[in-house]
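Labels A, B, C and D are assigned to the chains in the order they are written; within every chain, residues are numbered from 1.
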């Protein structure tokens, strides 16, 4: 349990923010699959801090070292393990507040669970830094998916009150997904990039942070994949996506809007597509019905809460004294983690979709 | 995989709408737990069709028969299996449209997955009727939770555009949850019952249906439960809740609203409560941080799409001829399944929470 | 956990000996597979008591009722659930000794685990009767295996000191397996049937019982199946076979004899077979190397202890008084359960092998 | 799947013999447990090659590096990952025979499964070297078990035809287990050490190898642990033990001998022990009845086949040419891996027993 997920392809994440290394083991990859490490580095670079003004200032090398599972840049059938050494850490930033849990962080709940034995520095195993090995795993899985005709992409659908348009849930293409993913600021409508950045910058200047919504899409995912009732497309994706720190909601297709619709609006009529295959005219279902993929694009949205680390003074409790305490978090923090979370959402979705695809009994 | 979920307490659902019986097996219940069958029947009655004007007209006996796992009304440590015989079925309602998948249903995706071998009548294994054994399982788990101080409740937070108020995420009590659950129409603010019923009745008269939102809450759930990163409170609940047919979104605490908030608004300050325990002043986190319970009420919302079976003519495809076909669904259908889904949401949450509670290593 | 095993094909057993019913759920069977119920009944009849003089006198109907998962005698993709009603039970046989655990039975360990809440009558969930639904499941899986070219068979390799010859581990054929399985007394060399029966009869007349060894074989199982290190052929089969009550040992190929051999004897040379495929000249490895099937027959042996229920007086303890007590077990008991366990071993192996076969990612 | 096992405590092994590193991740250890790294090194040293004349000549550093999961020598609740760098490897020893599978090894079955993409050098993921991280994991788990009153030990019960005496299955103590484990040549009766070594030396001089039997025991394991039917003590231990390369059989208590016994001999009478607890007078059951521990010592034996790598010429097949080929394995090989496998058996049993202990719901 815990930091492991998957059925046929199991992804296990380990490490703490200020430990020796963080890493990931991927068990169950088919043998002989080419793995393009350059492309993986490029994918991971999208998540790396310091990529643009909107991100944190902590420098990370984030160069994964492959310990096992690859031979001549192909999977060899054995578990693939990659690690990233932890370098530039400032544990002293955290020492002063060891007894004062940060609001919105897992500091206090980790204390409840681990009774004080957890590695507090930098959030330990709960750090957003753990999304680096997760992104590595997703980058590997995305290459296997691509070879099977499946492309996963995502964009920043909202930052605070500013909204990007959405992917057309019927007509979206792999090319469109790749174009958006390649942008430094991953939005569809570039006109919204500027106002989004302003919202982020305003939050930063106020010593504050802001949340966002990420929309993910997979195209080319074949119909008929997924298991009723608890291992359907939505169950598996949701379980995995809630593993990304700061995710507070997951919806598919029309999602929460469906609750406000009538059946005659929400039902997607079937028709025969140009290529003779059955398609739906609209895609409010988001690519899965009864947990099983329909062959239409899989569409989901993920709510990311505002970065809990903010420069403003906050009310907390000194656990040693069991009395109220003011908290001033030192260090520089990312005012909108939703930006860097875009490739993480793609990565986690890629892991989950590959697992489902390979779990399908022919 | 598939129709099974849980780690220490495994719930396995079986049956098709028009087969001999539907049922559930619960494996891993501690021995010696009293099971009040009267209370279970009362709980299941809340889900049963025909309970009020808003529901379907199909009569079901829905009296579960216990085949194993109980001895003198206590769990005996062996798997508990209960079945419900299928009685009043009208397969002829479905025969005419065997080749025409219903929009919004799993008919077409089941066809893709099972290549025509699935039991089509009444939706087969995908029927909402399968929520009856699931509700049975949840009613059992709720009794074990109650004995451990945990109460789960839910209400209709929205029907179409009409919204109920929300539970106070900090002050909500077990008594309040029980009071709302006991209502024939489970809303907090009774003033919204009438407009909600009108929305439902209008949909029915239009041969249409309408969606809704259900808010679920658990109080008394201890802090420190849940595993990072993929078996946290949100992961486990979401995986289970997406197993309920028609669920299209799941959010915790502030959920999608958190994406629009600033960190200074969304972060919940810690303080020392009246009983000397640490609490949060607000509860935007919804009872879990980093996947681990905080001891605050667990708060989540579930989006239910409008009933896909509607009386209006719909566009579909004749799979045998591979050409467009109009579909007229016969029979009487529930214009708003969200109403009857309230106890199902409670039930599934109870199963998932009991599983997490018992999975915790002391 | 517990009464559930399997990865892609999950088999869940439920019921107690003197409860309402016993049964099994099989989740993950591919859809559209014909299921020959007549053949299943014939398979189950081999396990049924009263089949010959060597067996118990309790009459069981043992006619399984299919509750779900079949449509027109084909799997429909949904979980297959079958139950067997408990009829002819004599709970009074057990009432007298409720507090006196039977040596060699799970009475005492069940007491430790379930704290007195277990269903004691007839051994409850630990009864050998639970092998009836397990045999049902295996009979279903065997039909799917047969359609994929795999045949599973077994014979009584030893009863007490009397040994049957073994299957030729290289040349054994599906026909030979079927011939032996069809016998009323399943041995290869019919000359050993008479001495075996005499050993059993002598034990019966002494109010005693005797153990035995069952050799199981699968032919046609393709090479390349199984996962290193913990989900290999031996791991999966052993885990499943130890689920049969009274199994005390499991070995593959040369098994414990390999410990006494030299490498030059035990190593199986490779050669090119008549059909151009690679085979081994001998088969001490038993069909798996490194956990992965080699394409050679899978050969294993299972040690079955003597029936613990014997007519002789035995020393035990009165749990209520915590003092020594003599135990006289009433009722008629099978003096050699190994005889009836032969089809159970085949059944469990069939479930495990089908699961492995369907878990293989192409 | 595959190189992962465990329920609450999951052990995942990765690496190939001649890759960058091998390692293990342990997920689910309780937080705050002291881990004595010196003791772990001492435990691992027992498995290390070059420890005595009976072992292989390959030098390994085998010093594990802890990457995560420990803080100030205590578990911190996050997954514990340790790696061992691969140093002294002679891939050229393997290059010459890349296309000629070694009899008794996984070379050919790996070829079938991974279609030539596997890392062949040194056996890759199937190398006995992978038992080093497994031993690390077991050494950690043994420390947690010791703190809970459970001691695991093992000895060489047989080497070829030479047998050591057995542990007294009723009276064996933790001290006796520790004394035997501490010996350079782990036997109970030291008089058998010399003949065993002679058998091994004779095999070596003949360019051959020899098998052995290892008997393992756990004392102090509480009664009432284990789940019926497929997660009992025997199922879980057997599944884990068959993960050790070269294991061909596993038996519990009287094991295969039970098949030759009568019930009146094999049944273990219950009595009230000196401390007022219920014990069995004999221990043919090996510490588990119905899959559930009885509180008596858990006793099992594991058959280890002779080292498949021998210096003698062997018959194999050239996979490239698909014609017979003679094989001369170069390099120095351990003539009896059973000797070094003793701590590996202890280690794997410790992992499995800790997992079961922590999986028990109070």
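Observations on the model:
Criterion: a contact is a pair of C-beta atoms (placed from the backbone, for glycine too) under 8 Å apart; a residue touches a chain by one contact, two chains touch by 3 or more.
In this text the structure is predicted, and so the values were computed from the model without any measurement.
On a Cα centroid basis, the chain most remote from subunit D in this structure is B. Between subunit B and subunit C the centroid-to-centroid distance comes to 39 Å (mean Cα coordinates, whole Å). Note: centroid distance subunit A to subunit B, computed from Cα atoms, is 26 Å. Chain centres here are Cα means. That of subunit B falls 46 Å from that of subunit D. Annotation for subunit A: residues 1-4, 7-8, 13, 28, 78, 110, 113, 125, 228, 359 touch two or more other chains.
If the chains shown are joined wherever they touch, the resulting network links each chain directly to all the rest.
Residues 1-5, 7, 13, 101, 103-106, 108-110, 112-113, 125-126, 130, 158, 160-161, 203, 206, 208-213, 223-232, 234-236, 238-240, 242-243, 245, 247-256, 258-272, 276, 278, 280-281, 284-286, 288-295, 301, 303-310, 312, 314-317, 319, 322-324, 338, 359 of subunit A touch subunit B in their complex.
Taken in their complex, subunit D has these residues touching subunit B: 7-8, 28, 30, 78, 228, 358-359, 361-362. Residue ranges on subunit D touching subunit A, taken from their complex, read 1-4, 7-8, 10, 12-16, 19-23, 25, 27-28, 31-32, 65-69, 71, 74-81, 83, 110, 113-119, 124-125.
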